[in-house]
Amino acid sequence: MDPSALPDALSLASATSRGVGVLVAGDNVTRLLEGLWTSLSIAGLALLIGVPLGVILGALRITRNPIVRGVLRVYLEFFRIIPTLVVLFLAYYILPAEFNVQVSGPTVAVVAFGLWVSAETSDTVRGGLVSVPDHQIDAGKALGMNDVQLLWHVRLPQSINLMIPATINLATRVIKTTSLLLLISVIDVVTVGQQIMEANRMTHPDAAFWVYGFIFLLYFIVCWPLARLAQTLEKRAKERNNG
Amino acid sequence: MDDPTTANLHAADPDSVLLSVRHLKKAYGEHTVLSDVSFDVPKGKVVVLLGPSGSGKSTLIRCLNGLESIQGGEIVFGGVPVDTSSEKEWRRLRTSIGMVFQSYDLFPNLTVADNIRLAPLKVQKRPKAEVERQMDALLGDVRLSQYKDALPRELSGGQKQRIAIVRALAMNPRLMLFDEVTASLDPEMVREVLELMLRLARRHMTMIVVTHEMEFARRVADTVMFLDEGRILERGSAHDFFTSPATDRAKGFLESMAPVSDE
Amino acid sequence: MNWTIVAHSLPLFARAFIVTLRLSAISVVLATVLGLALALFREYRIPVLSQASTAVEEVFRNTPLLIQLFFLYYGFPSIGIKLTASFCAVFGMSVLGAAYMSGAFQGGFGGIPRIQIESARALGLSTPQMIRYVTLPQGLARSVPAIAANAIFIVKETSVFTVIAIPELTNTARDLIGMYYHTNEYLFELVVSYAIILIPMSVVLTLLERRVRRGSFRTS
């Protein structure tokens, strides 16, 4: 009998109670957490590469050289316009073809996400750097500072408290985007979930509801505290800037 | 030398010229802000710039350390012509020209001590021990030693401005520029800042001062220059300017600045 | 790049282009309307509804669209509730979009200077009058750039619909690559298709941001 054909209260209740069993059966939870760890480490590596690169690019975006500024603006706009999923496919298909090497799925993901992170970070950093009031820059110049000293001693310290919350928000976006990894054959938390459902298809036809629900919850547990932290820091930064 | 504020000050020949400006022109596109401005600042003397708002006083003072580009004219500093188009040259010169602004321009993220130390250590790359000694002497001189580790936001406006002056002095500048430094202060704070500036003047610091404080201008100025619509309309001793201004514009200006009588 | 292959697949991409455009448009409209409702519930602290708004925002902003879609499309049928792919796509995207749109509106309302509210009070305006003549028009005008930015986000996010087999742009490109392996050509068409939709939107966004920064928004 197909349980999805005609759900009455009884069959629904019994079906759901069976489905939840899949989660606790065997080492399924451990396997899902391992999958999540894969996703999170890819996100972490992408941020580790992308954020420092983005800081450099962001600093370059306030130079006087219009060509440098233009090129970096186009770089940013490319990532703003092309969906991250498409960027992922571009890296997945183009990296191996161009460099003629086998590139693993996680490597593709780290490269694609890393470049995306660097583009977004460059805009955050640029925005922070130009938010420092002109008279502060004048004060630095009047003390004989060169551009690098102005950046390091005046602009960065006065805008970093605006950049940090934005970067944490970006981190949650990257983490959420790791859910797309299954599309380039990385064994992430979603793939593990699908394997579990597949293995239990006969005994637990309603596993999908519970497994996807559980993954949904996992992502929320990771992202929500980060989002709250970013919110708190942002509020504090604004208060300090106004005071 | 005992007095920290006049260290490195060359007061030997009081009549020799420290800064010389000839035919300076400044424009934003079509709009001319300064046209054909020429003057000399002798070593150890105080020049006060007066004029209605929009007359170009602040712009002029900002041109003198390269914060504004100029469209014509020459600037000679310490006998050496300045390549006014070279940012690099200006950067070198700015360590010899201290500037204090209207807005509190202390770096809000740094303590008082770090604000003062920053340029001597990082820009001038002087030895730490020497900078510390000088800083302590300067802070003692303005009686703000107890705020050494405070952040700017813990200071009153007047205290902030005095620290800003100390920060500029810590570079051992040969010339000090003051751009309406009391304009955004509460009245009771104005006095402590002006008194510090008077002390500097008595110690023969060469200064160019833009101000709206007429009584202070009269006391501190060796020379007064009256700017109007981007030109120097009058120049002379403080006494002459305040008692018998030559032009109607200057007369009108002085009347407008006179304190309102209660009667 | 083989232009014959590009030409051959053009009709398929054109059809997918329409699908992406249609689903994006529906989602943007629904997300904006729903987002405004969520924002108003929170702005005027309407009991229960304002808490519900907060919950929707937190849950949908902090979970991936892909999981939301899988949950709707595969999870619900497994307990007996069948939903069509298009419904799941539009529903998921609209609620997710609304969670962000609400933030855009709240930012707009929050950006109104206090003095405006105080002036309205000083003039003796009643609360509904103040909302009608001061808060709403100014808040909406201030929200426009963030709404445009969210609209761009929604269009890009529709690429995720591919996972529930909606024949939009990304799905079409994936299918074609899977069948014929002409990766370069199909990826090129995919990128160009998104650029055609998103470059004009991005230009409009930049102009809107500039206008708001110059403060020349007319609020009436």
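Chains here go by letter, A, B and C, matching the order in which they are written, and residues are numbered from 1 within each.
Keep this in mind: a contact is a pair of C-beta atoms (placed from the backbone, for glycine too) under 8 Å apart; a residue touches a chain by one contact, two chains touch by 3 or more.
Because the structure is a prediction, the values reported are computed rather than measured.
In terms of the distance between Cα centroids, chain B is separated most widely from C. Should one ask which of A-C and A-B has more C-beta pairs in contact, the pair is A-C.
Here the chain at the heart of the shown protein, by mean C-alpha position, is A.
The mean-CA centres of chain B and chain C are about 54 angstrom from one another, to the nearest whole unit. Here the spacing of chain A and chain C, counted between their Cα centres, is 19 Å. Centre-to-centre separation between chain A and chain B, using Cα means, comes to 50 Å. Note for the complex: chain A touches chain B at residues 133, 135-136, 138-146, 149, 153-154, 157-158, 243.
For chain B in complex with chain A, the residues that touch the partner chain are 62, 65-67, 91-92, 94-95, 97-99, 101, 103, 105-110, 118-119, 122-124, 153, 164, 167-168, 171. Within the complex, the chain A residues that touch chain C are 3-7, 11-12, 15-16, 19, 77, 80-86, 89-90, 93-94, 97, 172, 176-180, 183, 190, 205-213, 215-216, 219-220, 223-224, 227. Remark: chain C residues 58-59, 61-68, 70-71, 74-82, 152, 156-157, 159-160, 162-163, 170, 173-174, 177, 183-184, 187, 190-191, 194-195, 198-199, 202 touch chain A in the complex.
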